[in-house]
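One structure below.
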């Protein structure tokens, strides 16, 4: 077992790559941790698909407003300068290319930037897509935070996704517990290794050709 | 010269055919007079394309707000219960079939319901269409108020419009100084003659076959 | 004076017929018009096509309507969530149809219906199984799919403040799909927490202009789906 | 802290290059960002394509920009009005191009650009000369024409209240095209009558969320086109 980055460290590393003043949409899971690691001197404005810019942290139970939820249906707060709007306006922000960065979890991501994070394609599964396909097509930069492999050790960074795609060729950067990996014209390219992790380990746990750090 | 209806009487007659509670858009000219003749016990809500429902009468000069205009760029007021909105929402009301009645002036109207009221088609004219083509395609009922003939005595109710169309087959009822005329599957049909006006006179001043009152 | 107020919830939903297409406002629990949905359960219309982002939670509200066998088809983006049991069961038994529509496309299709736009192009779903059977086309070197408008016979909507003309405001993220659904339904039925006189809502602050609203009932203390579920309630 | 405020009007428009496409908010005189337009006259960019409902009035604002020879093409719905003289003269002399777009189609094309919708279908212009050259198509037995989105490099916008994040409100019918243009331009430049701190605009009352705004200058006492014309003014 390598050392590598913890969930929190992955989120913190991703936050480092988000410029000051960015409009950011965060997926459910590890991506939500990004809010805890905004680098000193930077400010991000969080968008939630259900109709809000300026989403703040969860409220204390006593302060929660049953009409103030995020896209994951969790209770949230509003920061000063927030705005509410309806769903068509919210997805105009997404589809129209106004959101700068979206950080998503995933089941698989391929070396051509394909992402599969909405369905296993199992015949008895109930398909549920939400806003995932809108986000990957509309947001300027699609970042992924994910463990490098599944719990059973299968690579999540693959040559071709075996699960149904959320969108083709959309991911630009991947933050795993082992490395930061770019999707380039030449496929996966490690840009940074986690402390104590070797390129050989990353390569062995990646299901596609991957280039070492330059 | 026949007696016939005055401009005010034409507007009052048109107002009689607008049901209580209607959302109404009025064109420039005689149609604007409709607001003065709302029948007792009825209430109309006026829509103006530039972004307002609940348009009220012109203000006294001292009370005018330079940011409160109608589509004809005249200063207006807002009634209690008014709402402001942007142009895409305003034309959603029009195109989406939410406005009940639009009363327009015209240059020509044909017996198949075609209307031509935006351009003479003269080669040196500067074309200007505004919202006319949106209105005639979107509003549920298109009424026309017009003199029966031009100043030089040419019929304005014609078999085919010679001017460029605003929209094809859209007009349902016409209020002239001489008669109320419906556009039917059988062409023009007089439904009411102005006091002192004979059907023969109407027929002689109409540029298309026209049926007498039933 | 124009007055769209109804004094009785049952009266407001009485004429929804079997086979109707019904939009239901709300995103998850926020903005869900529980009282109107429960009145529709009491009323009993069947074979409904329901449009909502989700499929309800627990055994109240939309989930209860589905559980009561009144819905033959759901059009939604996310039919399962942590507390949705009713739809998954019926779906696996083959007793309810599902049209899965991505969330942004769902919102835009509803808006298009209200705006008189029969179809539009979107990049969403391109290159995925959800684009299968859709017409695609290139604009400026990128591929898009064509999506049709989505209309309804009725919309059931929850708002915060309403006046008798039908001007509405909402509370926070309870707004979500509701202003769009008001535009897209032939008959829009609204439950409001608070009723005010015409003119009391600042014309600058109106979110849904009255032209999109047909009927309003005042429900001063609406129940909230999350509260009902926490209390273990079911309906009827 | 995010702060989109500029202290100088010239700085806010300094980088608009020759050949740019510029949306200008306003419907006739209401909502016209006269100070920003005059700064663009001072700045001198030429060969501009300008998108506005009209073509300006008198010899100030948009009409003055056109009169100064900076505009090679207008995209608008109504290029003449009682007080517009500059555009008609240049048009008749063949010195300015005109793309005539019906008002509702103009609004929807601008919104489409902001919403990532490359094209949509509308019934407007069907059966008229303005449909010539457009692709048409039937939906549910009715004919519609296809219209493309309409983008811009810059938008010049006048608003009533702004905060440093770019959240905006407007005054009455001065709202018109402005919220749509904010969405559709790569760089949106706003003049505001009043500046407030973030949080002072109620999140329920924001008309243009800050994500659509790039630069804001405070112009506490903006001139109004109608007043300038009544005073017989011209610019520069």
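Letters A, B, C and D name the chains as they come in the text, with residue numbers starting at 1 for each one.
By definition in this document, a residue touches a chain if its C-beta (ideal position, glycine included) is under 8 Å from a C-beta of that chain, and two chains touch if they have at least 3 such contacts.
Given the structure is predicted, the values throughout are model-derived calculations rather than measurements.
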item	value
For subunit C and subunit D, chains touching each	A, B
B-C against B-D, pair bridged by the larger set of C-beta contacts	B-D
Approximate Å spacing (C-alpha centroids) for the pair subunit A, subunit D	36
Subunit B and subunit D, separation of their C-alpha mean positions in angstrom	29
Rounded Å distance, subunit A centre to subunit B centre (Cα mean)	55
Set of subunit B residues in contact with two or more other chains	52, 78, 84-85, 88, 91, 94-95, 138
Sequence positions of subunit C contacting 2 or more other chains	108, 111, 115-117, 122-123, 170-172, 203-204, 207
Overall pattern in which the protein chains touch one another (line/ring/star/complete/other)	other
Each pair of chains that touches, named by its two labels	A-C, A-D, B-C, B-D, C-D
Residue ranges of subunit A touching subunit C (in the complex, touch as defined)	48-52, 65-70, 73, 78, 84-88, 90-91, 94-95, 114, 124, 126-134, 137-138, 164-169
Subunit A residues touching subunit D - in the complex, by the definition given at the top	20-21, 23, 43, 45, 47, 52-54, 78-85, 88-89, 91-99, 138
Sites on subunit C touched by subunit A in the complex	27-31, 77-81, 87-88, 91-92, 98, 100, 102-108, 110-111, 122-130, 170-180, 207, 224, 226-227
Contacting residues of subunit D [partner subunit C, same complex]	108, 112, 115-123, 139-140, 142, 144, 148, 169-172, 203-205, 207
For the subunit D and subunit A complex, residues of the former touching the latter	1-2, 111, 113-117, 163-165, 167, 183, 197-199, 201, 203-204, 206, 209-212
